[in-house]
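What follows is a pair of complexes built around chain A, which joins chain B in one and chain C in the other.
Let's look at the complex of A and B:
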């Protein structure tokens, strides 16, 4: 595995299950990954692949019917020492200090992630004041309400909001979608987190605004030196923002490696399918080639390799029986597929 | 916000103007007028024959001979400028004197009932939404169905019985015997509150059951929204997340139906008042219609509608305070 001592966040063997009326749903099944300081890891996959659940587990923002496996470890390394987030008591003080303090989060729908009945400023100042101690450590200054407001205005200006002094007292519905997402980024970054989790932050936005937001995030990342865990279903977005990528399918990571290499030479049949499904201008094909079939219900996980039901290169008798192990392709790339595992073992 | 307030206040005045015309039309609707009734009452069985001109002179004395629009203007003018609702023919005094205490009681009972309804239904509804499908939640559902199913006169009788049997309160009425004639004091006030508690509970019973389910349903919806998770992701303590964000929106439907609750309380009040022998307006309204004592009837109708219109105004304003989206649309 990634025996990397320098990782900021190191997830080992994460499993998450949901108890539902129809039975047990295994949403995340043995995921391990590492995020390094100042770098971006992209997680890509279709809806239902477990990418959102896996990242929400990092700040323990899972619904009441979800359970994290006893063996899961979510290690966060901080200046004060490392902690295993998976073992923190729910609703405890320690967990609250992480949420929005060391780890910031932005969500897919900028409209819905602000409460409609409070101003942008109210919600930002609240976040800043909730993490006074954290900011004191990081910036060496203690915020009162007035200073928190000034800080919030500066953050809004920093994310490119004109008239921030005015905008801070506006309600979310008075801002456009792009502006709201900028405000959300300003809120999440106002506490200077060392890790930002972005759950499809650009999916609900227009393409031009999407590009602006991505550029802004890259710029802020460089400036603040934070690490990012970036979730999307869009390979194009990943190519733009993430140095490393992990492809998830049905709760498992099927392929990982440096983004450039994975895109240039995808190993796993599913990654190939995802890339082939991207529209390309240069080839100007009339029709897109989607990955055939639908993602199976997590209630009925296929035996063996989770992808074998849709795989164009499945090997009957092997893929539908045995779960493929993670196989290293080189020092930084690995894939979980029998096409490669056969050679390795 | 100021513009919103002015808009709504103007709307309220305009509504009251049309209401007053409607009330006056209703006052005019019954055949005959108090002059006929007065003559009939005074002289029937005495052997004195009453001529048209006699009745006409009575009519003149009461000012009933003037055209309707003129009488409307005098009537509404008196109310607006002097808060004078005109004479009560049957009681031979002013309508104000006849209605006075009863109106006060009605208002106190109304406010008490509303307060009790909201103090019970909002926290319990929120609690039930936070503990959905727990034994407490199912228990509350059963209790609230009971609340909707039991007729309130029945509940009034049960509570009266319990009150007399176990707590030694007097049956019905406003005051215990020792306070009936006593001047106002804290003791008398406390005694009044004790007597109003039972009717307020009876009137609040079904409304609480209904509003509790409304709060529970809205709160459940709000809890599922992304902004709640976003607030948690900011590291707020759970109680603050709940109270500041979803709870504030969960009481919106309750606030917006204050007017309905007032309406319902007014229509249930006469029955409860009858069972508990409380002096209130409904009974007086029927009596004044039978007597053709139209200014009293008009005063009661106007007062009840004014309270409903005013409570709707209150509901609009509170709603705007709770939800800025309403304020900015300008309604």
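Let's look at the complex of A and C:
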């Protein structure tokens, strides 16, 4: 993870805390990662892992009680130069231009992207026109209202919507769940973002529809050459969509590497536990191997390694005291675990 | 070899009235949420019930518990050598019968009353007619089932909001099992839980079944979970059974094109499984306007003329393995 020269997005030492009535919640604690052009980084984690918060920080869509650490850096490299998103003024023009322009977003719930009171087409056309300059740079053409409508129809057709010419004038609630998800993808991609952030985009969908949407996303990625940051709790979905995976637990990345290798030969005891706990289609009526204990409350983060309270291989006196540092296993894999020698530097 | 039937369901139908778009408009049609399901649930087994949105799986589960009005058909329970016609029971008789059947919900957060202590939540089903009356007996029974569900007995005096998702689901399971029911419907019982916790709850359900001999109808959209916990699997699509058979058979040799598509769409973690889902055309049809003929005909990759005209019979294709497809043998061959 050293040669990040070509990275489109480079996050260094990201920390996010929330002030709540019950105290301070440290949701993301020192996360560093890089996303490369045209490639997909998957982030997998359970409740409280901070995967969603970390990615919301990238587009600065955090609630008002959240604070990004002063030392965090979120670098986005564009043709016009490099910007640190962590330093952009909240609610400013630059952030607005970034969201839905260079960075597209899709969520589990499509109604988070659409307003219920405007037609799908209206919202797509507004988005295209709002990011006219960005599109000019990416495609070398200037959109007027009519061209924007044609472009929106083409995008809706592209995501497999039949009768796009009619559907474009429908309201979001008139579409089925799968169609709404497609419309949201069309909306996010209509501005040709260089980075797409997808937060559990298929979790609420039926499995046959999920398969269609995943295929569609891979196809569009190839076609448009965009990078993806794909967040999910589902290892199977990660295996399908991401070349590289980062496993998060209680706000930290505990392991990362090429997806196939991490799944075939997980290093961190948490990754091992997570894979062993998965029900498999191949075996029936088998006892499963759960990860012992509960995920600790974010209000009571364990000291030392966040996983030590549940780890079958914890070393008393070390794991409960010192936070393990990221240790390289080879050129592309790393793990944050004392079993692999990771001492905090 | 097969166990005795506990619940026999014949031609079960649950239809809902569909209102028009305008306010106060009279019913304009019927949503056939469950439309002629025939199914036997065997004593001591776990029958997995899978289906996507609109399949009617939750409605079917609730109908078997008489938690919603049934339009037609028959449900028989076989208990202590007697055959009980569930749909004929009314009033006090029905309330007395309810102790034989229970429900475990999906969302342990929503299904527990926040103002009751864990002890009172678990004890609630014992208040139904025909149960323990004395407080000491109730306490003893609650402690016994809580221990079986591996709940810390200290927790009994607390309120549910203090607990994690996994603990809350243990409370929900203890509550369902406290009155020693023969039959439990688990409706997406582990779907809201994290993977590392879900495995623990699935193990608990399997252990309790071994100890208590309970029969489960396990409803879920998650096919890997169903593969793990079920002895047999029933596949529902738009209110009708598409396939039913032993779990291993269903997953190794599915007869119905819908089952095959469903299984091929599971994203697997094993790298040796290439992901090549059978692409189904279009969307799941509106259950208020199901297709004529075979309900799956609008999306089936192997559809032929006959499928659009004639409803396929639900028939035994191989030993104990049923499917509703005109061309099951041919397509499986």
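Everything that follows uses one rule, which is that the second predicted complex is superposed on the first by the 328 of 345 C-alpha atoms of A that agree within 3 Å, B and C clash if a C-alpha of one lies under 4 Å from a C-alpha of the other, contacts with A are read in each partner's own complex, and residues count from 1 in each chain.
Throughout what follows, contacts are C-beta pairs under 8 Å (C-beta built on N, C-alpha and C of every residue); 3 or more make two chains touch, one makes a residue touch a chain.
It should be emphasised that the depicted structure is a prediction, and the values quoted were computed from it without experimental measurement.
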| item | value |
| --- | --- |
| Contacts of A:109 with chain B and chain C, given as first, second, both or neither | first |
| Which of chain B and chain C A:233 touches, first, second, both or neither | second |
| Chain B versus chain C as contact partner of A:126, first or second or both or neither | first |
| First, second, both or neither for A:173, with chain B first and chain C second | first |
| First, second, both or neither for A:98, with chain B first and chain C second | first |
| Chain C versus chain B, contacts on chain A by residue | C |
| Touching partner for A:20 - first (chain B), second (chain C), both, neither | neither |
| Contact residues of chain A, present in both the chain B and the chain C interface | none |
| Footprint of chain C on chain A - complex, ascending | 46-47, 162, 176-179, 206-212, 214-215, 233-237, 239-240, 260, 263-264, 273-275, 277-291, 294-295 |
| Residue ranges of chain A touching chain B (in the complex, touch as defined) | 59, 61, 91, 96-101, 104-105, 107, 109, 112-118, 123, 126-127, 130-131, 171, 173-174, 184, 187 |
| Residue numbers on chain B that touch chain A, as the complex places them | 225-227, 229-238, 244-245, 248-249, 322-325, 328 |
| Contact set on chain C toward chain A in their complex | 52-53, 164-167, 194-200, 202-203, 206, 221-225, 227-231, 247-248, 251, 261-271, 275, 277, 279-280, 282-284 |
